[in-house]
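Submitted below is the structure of interest, expressed as structure tokens.
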Amino acid sequence: MKSLIRYSPLLLLALAWEAASRLELVSSLALPPLTSVLAAWFDLLINGELVSNGWASLYRGGTGLLLSVIVGSTLGIFMAWWRPVNALVGPLVELFYPMPKSALIPVTVIWLGFGDGSKILLIFLGCMLPVTIGAFNGARSSDRTLVWSARSMGASRMRMLWDVVVPSALPELLSGVRTALALTFILLVSSELIVARQGLGYLIGYLGADGAYEAMFAVVLTVAFLGFAADRAYQLLMNRMLQWRE
Amino acid sequence: MSDSAQIVIDRVSHLYRPPRGREVLALEDVSLRVTSREFVALLGPSGCGKSTLLYLIGGFFPTEIGSILIDGQPVGGPGPDRGIVFQHFALFPWKTVRGNILYGLERQGMERGEREKRVQDFIELVGLAGFEDSYPSQLSGGMKQRTAIARTLAIDPKILLMDEPFGALDAQTRHLMQSELLSIWQRTPKTVIFVTHDVQEAVYLADRVAVMSARPGRIKTIVDTKFDKNDPNIFKAKAFVDKVDEIWNLVRVEAIKAQETRPS
Amino acid sequence: MAGVDAAAVKAMPRPAPWQALAWRLAPFFSIGLLLIAWEALARSGTFTPFVLPAFSSVVARIWSDAITGDLLINTGLTLYRAIVGFLISAIGGVAIGMAMSRSVGVRWFFDPIISVGFPMPKIAFLPVVILWLGLYDLSKISIIVFDAIFPVVTATIAGIKGVERELLWSARNMGARDREMLWQIVLPAALPMIMTGLQVALPLSMIVAVVAEMLMGGYGIGGAMMTASRFADSPGVFAGIVEIALVGLVLVKGMTMLRRRLLIWHQEANEPTTA
């Protein structure tokens, strides 16, 4: 009940959408009624378009994000812990971090073509630096008395890196990954909209060009919902991993 | 005396180099001998380098001028022969009480069954039974410090280095922890180097108190403070009160000096 | 100095001056190394010039674009769209955030929209925006605002929420009225958070501007890169990357400097930067 009141504005928006379209306040071409959008969604689900394209997007996004988390966090922690690594890699990170990552779309296409490879590379390159910076800032802020405690209890330097520096970096590292997750969706959908033959972004563009606006809205809402759900699920995971805080 | 000294600090100076700004001579020409199972307090105003001296003994900073020998061996780095307890506990926040105490034992390669038993023993020793699975964020300051002490004692170091361990606790808890530390020390005697700026705490706990001067830190005097620590009325005993007074006068001069020379 | 001779202190190991210099030059070294490696790799023939055009040919391309004026038009247009979108998001976002903090009704309406909308990939709505608003600046700027406004709103709300009670009480105590409270106490106290939100919104504006240009074509760096890639003109594509990277770098650095200026009273010596 409480959540009903809380989320009632969304419900109102949905009703307004339906009414505006049904009463022809706006052209139903520009804004097809929500109910027809839902019907189109079921059609897409049944004819398999949603599942096959969704699967392609999931595979690209998941692989790219996973790679960026592995490489980015390793790089960030080593940068924080070994000064020469920082001196060499740090300036490059600082140079490339502010670059609008979407500019890499045509380059990854030149390198790897129109398929999965270029999307995975794009997401990997685009998402790596936020993770690297999160890991770096987290690892750099690890408390020296924790490091000393571990050393005086007999931990070797490598051991200490794993047992103290990595967990100390975790809160900032995980929030870097959250940024990367959001970027994954942005880069995935953009690159699929611009150059692809498969994927949810491609489906949106294809349906739009075809004039199938009900179906296009259905896929747009699906993507938006997936992004929202992924973020919520990630937050749950993050809170579990950081339950030792407070 | 030279044969029985376990820790020999010989003419140690230390130059502290901040990342920015001028270097500071934190310690100057400090010499001190500590015999096995002795309880020595390093007392002085804040910024006098007493913690620096402790970190040098611990091997966290390299000794660049002078030498520090432990059982005849120069200090090469941190090691499990010297356990350390910090003012702000330095517990691993992502590990439970049990996990924190287990950590050192795992690093020592102790076998599983023995490890578990030892952890339980030390949890009981410091009175934390029932809190084994709590995270540090769920504990009070006193409980955190008990955990830290148990964690350090569990690996059975020969030397216990304590860096203002009760400085972050409220007055009542501090009192309680002092007498508990004494009783633990009497049961399992170890060499203790205890850094503090609380005169009464130093006189109560230590066999000898090394009074340090303001920056650059030097040892000004070493005062003998052996009392019958089990006397419940010790804090009212005249000899004790006089001793606190005597040392307080020494420290006060230095504290005022430290105020004046402190860079703003 | 009893005992310690000055010679002993002098003899202590300390970094040689050339070492300090080496650390200082390291950034230029690694960037230089990257460029040299790029040039060498391109010239070695390991990759075709299509896959990896030489750095020198990319520089030549940027130079010739600069002479024809294309460089100015394209970067100017991209910057214009991104910055207009960013400014609208900044002003609108702070206004919505403030209204939500002050009025229960506004909060009731916007709260679910913000909390659901914030994590959504708004870029997916780009085709819808095109459908509604066409292919020109209006739709490009609209999608930028749609994306960049969310972090500003959430940061503003969090910033205002985080203002210390004691601060508000003492201001009231000294006789501050509502309007003064807002402008002189609440907003300055919330400024660090708001700036953080703006620092998220600015790069986001750039990312979305580039995507919008790529999809809709026309002038602008994104459009120019798509045209170049359609004609297999890879120096053109790489030139676009270099240009946009420099523009992004200048904007982000400028924002960091602005933050330092505005928050000079705020103790944050360690602003999250890399080096």
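Read from first to last, the chains carry the letters A, B and C; within each, the first residue is number 1.
The rule we apply is simple: a residue touches a chain if its C-beta (ideal position, glycine included) is under 8 Å from a C-beta of that chain, and two chains touch if they have at least 3 such contacts.
What you see is a predicted model, and the numbers here were worked out from it, not measured in a lab.
Two chain pairs are in question, A-B and A-C; the one with more C-beta pairs in contact is A-C.
With every chain reduced to the mean of its CA atoms, the largest distance from chain A is reached by B. Note on chain placement: the centre of chain A and the centre of chain B lie 48 Å apart, centres being C-alpha means. Averaged Cα coordinates give chain A a centre that lies 18 Å from the centre of chain C. Contact residues of chain C toward chain A in the complex are 23, 26-31, 34, 50-51, 108-113, 116, 119-128, 130-132, 203, 206-211, 214-215, 221-222, 225-226, 228-229, 234, 237-238, 240-241, 244-245, 248-249, 251-253, 272-275. By the touch criterion given at the top, residues 6-10, 13, 30, 79, 83, 86-107, 109-111, 133, 136-137, 182, 185-186, 188-190, 193-194, 200-201, 204-205, 208, 213, 216-217, 219-220, 223-225, 227-228, 230-232 of chain A touch chain C in their complex. Note for the complex: chain A touches chain B at residues 143, 145-146, 148-155, 159, 163-164, 167, 170, 243-246.
Residues of chain B that touch chain A in their complex: 55, 58-60, 77-80, 82-84, 86, 88, 90, 92-95, 103-104, 107-108, 135-137, 151, 155.
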